[in-house]
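Reading through the structure tokens given below for one structure.
Should a chain be cited, it is by its letter among A, B, C and D, assigned in written order, with residues numbered from 1 in that chain.
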Amino acid sequence: MRIGVLTAGGDCPGLNAVIRSVVHRAVHDRNDEVIGFEDGFTGLLDGRYRTLDTNDVAGILARGGTILGSARLERDRLREACDNSEELIDRLGLDALIPIGGEGTLTAARMLADAGLPVVGVPKTIDNDISATDRTFGFDTAVGVATEAMDRLKTTAESHQRVMVVEVMGRHAGWIALEAGMAAGAHGICIPERPFEVDDLVKMVEERFAREKKFALICVAEGAHPAEGSMPYEKGVIDRYGHERFVGIGNRLASELEHRLGKEAKPVILGHVQRGGTPTAYDRVLATRFGWHAVEAAHRGDFGRMTALRGTEIVMTPLANAVTELKRVPQDRMDEAESVY
Amino acid sequence: MRIGVLTAGGDCPGLNAVIRSVVHRAVHDRNDEVIGFEDGFTGLLDGRYRTLDTNDVAGILARGGTILGSARLERDRLREACDNSEELIDRLGLDALIPIGGEGTLTAARMLADAGLPVVGVPKTIDNDISATDRTFGFDTAVGVATEAMDRLKTTAESHQRVMVVEVMGRHAGWIALEAGMAAGAHGICIPERPFEVDDLVKMVEERFAREKKFALICVAEGAHPAEGSMPYEKGVIDRYGHERFVGIGNRLASELEHRLGKEAKPVILGHVQRGGTPTAYDRVLATRFGWHAVEAAHRGDFGRMTALRGTEIVMTPLANAVTELKRVPQDRMDEAESVY
Amino acid sequence: MRIGVLTAGGDCPGLNAVIRSVVHRAVHDRNDEVIGFEDGFTGLLDGRYRTLDTNDVAGILARGGTILGSARLERDRLREACDNSEELIDRLGLDALIPIGGEGTLTAARMLADAGLPVVGVPKTIDNDISATDRTFGFDTAVGVATEAMDRLKTTAESHQRVMVVEVMGRHAGWIALEAGMAAGAHGICIPERPFEVDDLVKMVEERFAREKKFALICVAEGAHPAEGSMPYEKGVIDRYGHERFVGIGNRLASELEHRLGKEAKPVILGHVQRGGTPTAYDRVLATRFGWHAVEAAHRGDFGRMTALRGTEIVMTPLANAVTELKRVPQDRMDEAESVY
Amino acid sequence: MRIGVLTAGGDCPGLNAVIRSVVHRAVHDRNDEVIGFEDGFTGLLDGRYRTLDTNDVAGILARGGTILGSARLERDRLREACDNSEELIDRLGLDALIPIGGEGTLTAARMLADAGLPVVGVPKTIDNDISATDRTFGFDTAVGVATEAMDRLKTTAESHQRVMVVEVMGRHAGWIALEAGMAAGAHGICIPERPFEVDDLVKMVEERFAREKKFALICVAEGAHPAEGSMPYEKGVIDRYGHERFVGIGNRLASELEHRLGKEAKPVILGHVQRGGTPTAYDRVLATRFGWHAVEAAHRGDFGRMTALRGTEIVMTPLANAVTELKRVPQDRMDEAESVY
């Protein structure tokens, strides 16, 4: 077979591990040819690719980023390509295409599949918010980085009687905040799924200080937002070009708490540190398994689907499932987390 | 309720996280009383315990070991106690007992449950070999430690053209070797489930050297053993007290490979480093959830069962299930691992 | 002897290691009595202290923060105390006082020493900017944390063609930016000692993109500032209480670069993560040696001085030296760093 | 200039950082040509080398091992080459040769220098035992790895009442054992410089158990040995080929302690994990500075010398100094370490 692989969307630890696994399984075990498109779908549409041999993927298993690069999707061009899918298939001579990416990528993958391309998707989201799979690679690494940072911050908070507000990733779903917050023993966790009351946080901190636990650690997802009326809107920075630059919820919440509590509240915005660098062992294993099973699915002709983790097994699930509904943190998971505040 | 908790068996990162979670959920949320027995079942039988308040578990979430201590099970004394279970229940005044431990502990837990004690088990095994649960806490940490060690060893192997044999934990099941081996990109993985042929390893190394990949990393579980006739038995050290001290499979295999290959093959025995210290975020979350759900089960009167992970959910499963059958690495997981040699 | 110890100023990994070492050397080896004042000089002036035994310092060697707490110095109260130093000495019955802290603390220590108190200082600054000592503990940990974060960011920058601006600590001296920048292979390093030209950074990035190195990592100390005319002042956030909240140089520089380059430039502000948590082995050793030698100096009656590292030796140096002049990054160190851009 | 660089001897984190720094400084800043000899002096004698450009050293700063490889020195061939040094110089057309290596390498470097080759040495030893320099790169990484391992082991030792014996590197000098032992708070440290009495260790452990500190961590350098009569010689393993395989001091000491104490004493042999993988920030900075200054020395014609750290400065010191005397742990450093047992 001739198998194409591409990575699209934001960075996520484990992308290289998937690529390596695809190449090992396809080229080494099954005598396939693997080509890697550069810069995501752009490379596919432009026909920019290189052949990938096992030598090309040597030493990349533990490396962050993606050796294939990534780029924003040009949706119009993609749609156009779908309209001429036969031409595209002929031109590239692909027996299978394995796009690795998040919601946008998988939506595009579905379009291509619907247009007749032999697509096997591999889901990728640092936020773990794709409902068709128990977990996605990269998430464990992000949680690990955030937890380690909060472990560090907690010692300072405790000995210096500080309130720390740590903003982690999670635009639409609060999985990173939930798990890192639980793992680090945060005293408050704010997630997009449930608007938070600033009053509750203020009360929690005051109670802690009253109980001689004179510090608090609050973990807030970037997509969390206050309940209506809970915290007035604060204008962001206007930079000298007249653009308002977003002041994230972490900074705004720390500022608000500082005013209400009359105590220093320090914001820490972890940002991109969470989505780069060496993946954890967990993510390397999951990514490797996804790559392996994607090749197997291609050989079975199991197209229009993507790999997914269910329990301990890797299964194939329709691409349609990946993008219909976001996997959100359910209330019972928050209940578990809150009992250990 | 009055809830007793104890930890038994070998060390495992996450024990303290379970204890903390039990105390937070029971004492803080549900107004229970929690007592912690010292040194496992010995403390239970001797009535050695202390009351655990949230202050007692402050700061232990990320700490290795167990604040309650652990000790070998005295099976005879336990059996005797079971015969007088009413006396034991009366004496301790327990509404629930939460033993945290491995196969031996859960077997004992089942005996106690059969004798009428209100037992809710929490499974613990660094080896991940309890079949009733998808994963156990501690395993992810062990895999992480082993992977990081192999990441380091691989750079030396590669630049100095060495064969490295790394022995990891796993007496009866090869999960640590499988996952750490996959995560580190080991070129050979030996597990107890499948006797290995030394000839195959020799051939693999020779082929790599022939292909200018002049190094190899082999990950071997402590319980792995050569296929019959594959490698002669080598006597261990006789120490000066006349005891033969076990020379593990890692050392023996390295020695054998060195002789057959005519190249240096260095053994590294990771040992206890894998089962101590700060748990990963994954293990802290799993351990915390186990503790929370054990308390809930106690409140529901759901005794004679233990917590288990199934997919993303924590469920309760009969203690009997925990100990009937070891969870072994199936062939298809080895197939996945071997394709990325 | 009766020895008092206190920690003052911001957090710094290694404070607990000094306290532990003082107690071990004094109490265990020399049969001294050690008392620990709470919350820095405040505890000294208020007479709030507790006796420290070896049990009290068990397990703190690797822990961040300080078991004694810390608080801002009330300079007026301290001056008053100096005027009545005999009363203070009588009241506390101290044979030696070991304050552990930065510039402010050491200045206060000197005042107390001049007023007749038997003071032995231990220098502490995460920024490594005390000229009397080759290194201070905490610095190595901060550099390590910043380097690890940049290692992660670099993989994303490289695969996603990004410009990353990482702000690290260093208000008056750029040691952290210098060493972390060198260690992580940053392509630009901005330190307070040398105003930077934005044009130079723009040019560097453009050259890299032209050479197919389509990414750049810039490490900027929080106290770095643009050369006059190089970058217009940008107003910070006005929060809803009318306070202008500082928008640090990292955010401002990223915004400026983004506009000039027409490419995304992501700021990452590491902040307090750098000054909390487990110290590196280097910092634990240095902190331990400082504590040990402080006790020895007290026994020799070597007061009015502080511990310092010179080469591989711990020496005593006048407190006066500590605070006269900031240790700044010299030009030749920047030359070294820039050659590896 | 045309500058040759080579790496020789065992692995050491930071080798790649030196190579990268040499290339950046020489090629990028000074328009030199740099060639890298493969497999140490063997490549020099065989004329096996490749040109190194900045692209060739991209991404290696944080990578363990050496991109140039390494091999055992063939002393006879080298001596022969020295006898025909003019031929060698003519053949290679070198203006400077920068060998990076330990005692053996630097001795060879000196021979070459005496024979007229323009040599600038860069010292390398994981053991930190070269007396002409305050520190060598790689050492900090080794100490860090050993400390982290002992941090983990300590939690198990404490909660499970174990004696742990950890063997670290250090054949002739005990610096790693000293610093890692101090950093991890080991209760006993055994180094080659001072034969240890087993009785002292037994007494220490028994006292700890009597004081309810029912665990002990002992850090022993691989080159440490018992005082005469302190511990009988124990024969090593005879493997099936009749070779006695060395049973290191860690295993022997654990066995002896177990017998004398009547308690489990677990040996952990860290081995090669200490000398591979990503270097710490400290080691990357030191290695980078060594490389930079080696190029500068070459341009100044400062041959027959090597780079060395003195305090915070990099200086040049005669190659002769490097190899005359081993830097051993002095008694006062052991005194410091022992006070914190």
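Here, a residue touches a chain if its C-beta (ideal position, glycine included) is under 8 Å from a C-beta of that chain, and two chains touch if they have at least 3 such contacts.
Here's who's who by UniProt: A, B, C, D = ATP-dependent 6-phosphofructokinase.
A quick note: this is a predicted structure, and the numbers were derived from the prediction, not measured.
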*Identify the chains adjacent to both subunit C and subunit D in the sense defined at the top.*
none
*asked:* Farthest chain from subunit A, going by mean C-alpha coordinates, please.
replied: D
_Distance between the centres, which are taken as Cα means, of subunit C and subunit B, whole angstrom_ = 40
*Measuring from the mean C-alpha position of subunit A to the mean C-alpha position of subunit C, what distance in angstrom results?*
34
*asked:* Two or more other chains touching the same residue: where does that happen in subunit B?
replied: 151, 278
*asked:* Can you work out from the touch definition every pair of chains that touches here?
replied: A-B, A-C, B-D, C-D
*Which residues, counting only subunit B, touch subunit A once they are in their complex?*
20-21, 24-25, 28-29, 58, 61-62, 134-135, 140, 143-144, 146-147, 151, 179-180, 182-185, 213, 278, 280-282, 284-285, 288-289, 292-293, 310-312, 336, 339-341
*Footprint of subunit A on subunit C - complex, ascending*: 10-11, 15, 63-67, 69-70, 145, 148-149, 151-161, 164, 232, 234-241, 245, 247, 251, 255, 259, 266-269, 271-273, 275-278
